[in-house]
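Below, chain A partners chain B and then partners chain C, in two separate complexes.
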Partner chain A sequence: MAAPQSVAMPRPRRSRLGEALARMKRNRIGFVLCALGPVLALFALIRIYPIAETIRLSFFDYHITRRRTPFVGLQNYLYLFEDSAFHDALRNTIVFSVLAVITTLLIALAVAILLRSIEKAAPTFELLFYIPVVTPWVPASVIWKWIYDPTHGPINYFLSFFGVPRLGWLLDPVLIVLALVVVSVWKLVGYFVVIYGVGLRAIPEEVLEAASLDGCNAWQKLCHIVLPLLRPIILFTVVTCTIICFNVFAPVYVLTASSQGAPAYDLKVLVGEIYANGFVYYHMGYAGAQCVVLLLFVMSLLVVQFLAFREK
Partner chain B sequence: MKRRTVLAGGVSLALVGLASAARAAGDPMSGKLSIWLGYGETGPAFRLALPAFKEMYPNVQVEILSFDLHEYEAKLSVAVPTGNGPDLLTLHDYIFPHYYENDMLDDVPADLAKIVNDPKIVEPVFAKIASREGKPWGVPWWKGSRALFYNTAHFKDAGLPGPPKTMQEMWNYAEKLTKKNPDGTIQRAGITLRKTEGSGGLQKFGDHYYATTGVQILEAGPKPGTIRVTLKDNLDAAAQLLMDYVAHLHGPKKVDDWSLKADAAGFANGAASMLMREDWVVAYVRKNGPDIKFATAPTPRGKAWGNFNFVEILSVNKMSKMKKPAWDFIRLLQEQKYLDSVLQDSGWVPLRLDRNFSAFLNKNPEYKAFLEPYPGYVSYIEPPNTAYVECTTRTGDVILASYRDASLLNNPDGAKRAIMRAHDAAVGILQKAGIYAP
Partner chain C sequence: MFEERWVRNTAWAVCIVVALFTVVPFIWIIGTAFKTAAEINAWPPTLLPVAPTLENFAEILGNTPFPRYIANTMLISVASTACIMVTSSLAGFVFAKYKFPMRGAIFMIILATATIPIEAYMVPLYIMVFKVHMLNTYAALIFPLTIMTFGVFFMRQVIISIPDELLEAARIDGAGEWWIYLRIILYLSKSGLMAVGVFAFSQAWANFMWPLVVVSTGDMYTTELGLAVYQRAFYTEYGPIAAGAVISIVPMLVVFALLRRHIMQGIATTGLKA
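Let's turn to the complex of A and B:
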């Protein structure tokens, strides 16, 4: 019996591109590199390279209008210890960030919890809270500059009913920090209301009902069920809000600008100092050193926050 | 066939390209002339000159861009050193040294240099600021100076005959003009003192310091480009001036407060009776306080009598490919009608002594203190200083912080310590910049 002859079937002709793709699929690393390569290259170019260049420049006396850029080693970093304006900026930024992060997140959480009790109307309120988030910082700050006006501003007018004397909100070194916190909370709270709202909706209703059946009151449910289950969301919000607050600049710049013939108190914040040193005094190298310090400071804070909120 | 068509297309394109390149090379008067402004209010003068410029250079496009002053200075500082930036530079005197010291400015043509160096056309003090060792690097165009603004209605109500002529009168008048509420809080400031923003604060304190001592806080050192700080040499006078400020911001003689609407906004609002400020405030008050009746007067005198000026200088980028058109534009801007536009549209005072602005002054008497010459009234200007902004900002921060310190009331030792802190702040910055002269 003759063995059955295998008939050579005509193989479908693949295009070169198809073959290349097939080869790439077999070699997964190559495929991943080709797929992610352009994105990674772009990321390296517009994110990593500027950071690396800033770190490099921080070791040079790079004055923007001079041709010579001598290497100065750690001199820029050592000057940070002497520079009282930098110390003021660091202190103001920390005070502002602590107040703004805590106030924003507490208000956002409280509002999100309240909105959960009015499920049907919640989206409308979330939208209302979200309007300041989409309002750009500059027009928002211009509006607040008027609100804080000592003579015609509504805040002083309102406070006068309670016997509070006229306050120069933007002219006093303490009041201006509080004023800035209020503006930032107003601007940011809507974003975190939405984030907390999503987190709260993810908590199973049955868990809360079971707790009610076991006799838990609202406070106990909040402390022992809601907050522990929200832990990853809280970590995200704390990290995000901290980064936003440490980078505060636009509202300070607009609120204190003198373009309207009324310069306010010159509140120093870290990013403002970096801008001033880089683009007003032309000390790019020193501004680079301040950037590196800001980067390290915020990253250390984030590590602490991650450790504090990690799942036990 | 296909290949032949592609080849033909390529050749035609190359020919067109070569032809246009040759045309551009043969006609150097085509292209774009770029002008950036940090004082947008002077833009109308540039635009007014465009038709005349177009007649000279029909193929040159002119691009005029205006920015906020600080943004402008930042953009310029990044663009010009890299061989970019505008062709025609409008430079404030305090950033000017950065550009000529680093060889970024074109040589001023002989005819314009002659104008700058002619004391009958440009006051020597302004020619000097645009020059290094006698060689001009630009053409001084307009100046900003300070004067005393006073509310004539408030003065009439208080029975005051006219503006204060001396520093002592200024403080006395301020006390008389101040309106207080029954609880002692101030309703209207007798004078709105500059209490915020270091650099501006130091400038206004510096006006009174000059009147008191006859020198500026920062004076030119013996070597060109170096700066000495005079606060230590005039410690008693500076401390007394600081105590005068503190006495009028705290205690029974108080004439101003941080909770009041301040500065130009306060004056335009009627919340202050006097203000020391620059020319632009005339237009600002007219716009924002149309009911305010006011006039201007020379700054009060002490031991010395003079007013601080800052200058806008026109120059050309050394890397520009449009140097000739740029210098011709600068020549045009020296003509009467464009200088009139600067004055009318911005309020800044053109520097040409050989031009006549009397018609403008007749229509706008509020500019009297800025336009009329007063015998013995000295115009002074900051010496060229590459660390000017940083030095005045940081030193001013120390002085302004001292205003808030009520413990300095009748406390000469405390005031001297505060002045020395300001002195040391200035010295430290100048030393770091390598331009300190002991």
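Let's turn to the complex of A and C:
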């Protein structure tokens, strides 16, 4: 392969193939193929293919141990409209996500903004807020399960000072959602404090000083300078936090199960339904349809985010 | 940012309250892990143990298969971290420094799938593993954790700032592309690579959904799975479970404490992506 290196010397009848080869050599296409090829193959195998296959499965009556897996068209999707467990799960997941996202992000935003006025103590506080973030979901839920315990748990002890009678936090269909929200806020708030901190540090100090000289008070600076500048980050955190919350499963798995002889309310959530249908009953086609619901939800959030950023 | 007196006072008050909220449950679990069974069930509850004991740790490490779970989790996490460090740095290097057809499009596809959670596509993944008769193996547990989209993105950001002249100079001296990757790129991006490693390790360590689906016998349990199943299935003393929870949190805290700077840098990148 004697491809000419110089482009400056024009050759009248150089073949297009030769030209392409020369360009490839200059770009070291061999290395690119060897280095990126396996990674992309792996990526296709464990990401692209399963995502596509999930969609395909949702049109089949797939059962892992059966040989025949007939095509059923939209039947799995139609069943979604009849399945009351799925409706419960979807409603619980949405209610939980809305509450958890709003609470987490409002606290995180307020704390991140307030931290900027006590800059010296900020790293220490961020560290303390970050402890639950590095705690995996299962031990986090184990901790809270005991805190919520009706007979021995410290939360009922704490509330007894205010004259609140003992509450069965995990037994009541409403209280358990609130309990779950508290666990999630505990787990996630530190992460978003740090993310907002990054955004806030990027705001030039001079702008705020100039505003102060013009007689703006803290509230005006917050509403007219800080929050507008933070908008892209706020959008990003809303999308990220919503996706995390919509996938809630481990804390539900731990908190709703009975232990210490104390039963708990069996709260249904979307991923819990996927798990039950797919891996307990092996109705994988139907589980696939529920996965598609989750997939569509996540994708639509990402599209919203993408469109919002493109406008800028 | 805000210098007003009342803002500063509010800041202290609010941050202390939130810090108590994040730290007290954590102190509570550590305290409980060192309490005796009688004290755990005592009313009113105590935050710190009156008579600290190692009984609970002895129980869970000595009389349950928990050490096996820890070893399993260690193995999976280390293997996954190694794979992700290699795949992320290689792919990041190629995306940062080479031109090839469809580069932008391929990178966009990778990024687009970054936030799709494994829950949404685990069914076919499971069927795949089932068909090759690999359920309940280490390979199956590690397999979905061999690449990390965020790692590729992050390493590309890090490597893109390495000057091209450096690579050209090495090439003039006769260096091949692999040599450049091993000797220049890895060396100059090692801080970023550490951050990716930390994320990969904690992601594998905390993984719950995939082990729950793919593991069927007790000897293949991970710590997370073991903890959840203990908590759920048996009428057990809370002490040993609390000790198990502490054991599962401590490695995360150690890694975080040692590599805080790298992690914060990584998170900052996530934030700036927005």
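FYI, the second predicted complex is superposed on the first by the 256 of 312 C-alpha atoms of A that agree within 3 Å, B and C clash if a C-alpha of one lies under 4 Å from a C-alpha of the other, contacts with A are read in each partner's own complex, and residues count from 1 in each chain.
The criterion applied here is as follows: contacts are C-beta pairs under 8 Å (C-beta built on N, C-alpha and C of every residue); 3 or more make two chains touch, one makes a residue touch a chain.
Owing to the predicted nature of the structure, the values given are computational and were not obtained by experimental measurement.
Of the two partner chains, chain C is the only one that A:51 touches; chain B does not reach it. Shared-chain residue A:172: touches chain B; no touch with chain C.
Chain A is touched at more residues by one of its partners, and among chain B and chain C that partner is C.
When the two structures are aligned on the shared chain, A:64 is found in touch with chain B and with chain C.
By the touch criterion stated above, A:264 is placed in contact with chain B alone, chain C being left untouched. By the touch criterion defined above, A:16 lies against neither chain B nor chain C after alignment on the C-alpha atoms of chain A. Applying the stated contact rule after C-alpha superposition, one finds that A:279 touches each of chain B and chain C.
Of the two partner chains placed by the overlay, neither chain B nor chain C lies in contact with A:120.
Within chain A, the residues touching chain B in one complex and chain C in the other are 64, 151-152, 258-261, 279. Note for the complex: chain C touches chain A at residues 1-4, 7-8, 10-12, 14-15, 18-19, 21-23, 25-26, 28-29, 32, 40-45, 47, 87, 90-91, 93-95, 98-100, 106, 109-110, 112-113, 115-117, 119-128, 130, 143-144, 146-147, 149, 152, 177-178, 181, 202, 205-206, 208-209, 212-213, 224-225, 227-228, 231-232, 234-236, 238, 241-242, 244-246, 248-249, 252-253, 255-256, 260, 264, 267-268, 270-274. Chain B meets chain A in the complex at residues 68, 70, 73-74, 77-78, 80-81, 98-99, 102, 104, 183, 185, 195-198, 200, 257-266, 268-269, 271, 281, 284, 288, 387, 389-390, 393-394, 397, 404, 432. Those residues of chain A that touch chain B in the complex are listed here as 64-67, 79, 85, 149-152, 165-168, 171-173, 256, 258-266, 276, 279-283. Across the complex, chain A meets chain C through its residues 27-29, 31-32, 35-36, 38-40, 42-43, 46-51, 53-54, 57, 64, 107, 110-111, 113-119, 121, 125, 127-132, 134-139, 141-147, 151-154, 157, 186, 189-191, 194-195, 198-200, 202-203, 205, 208, 212, 217-218, 221-222, 226, 232-233, 235-237, 239-240, 243, 247, 249-250, 253-254, 257-261, 271, 274-275, 278-279, 284, 287-288, 291, 294-295, 298-299, 302, 309.
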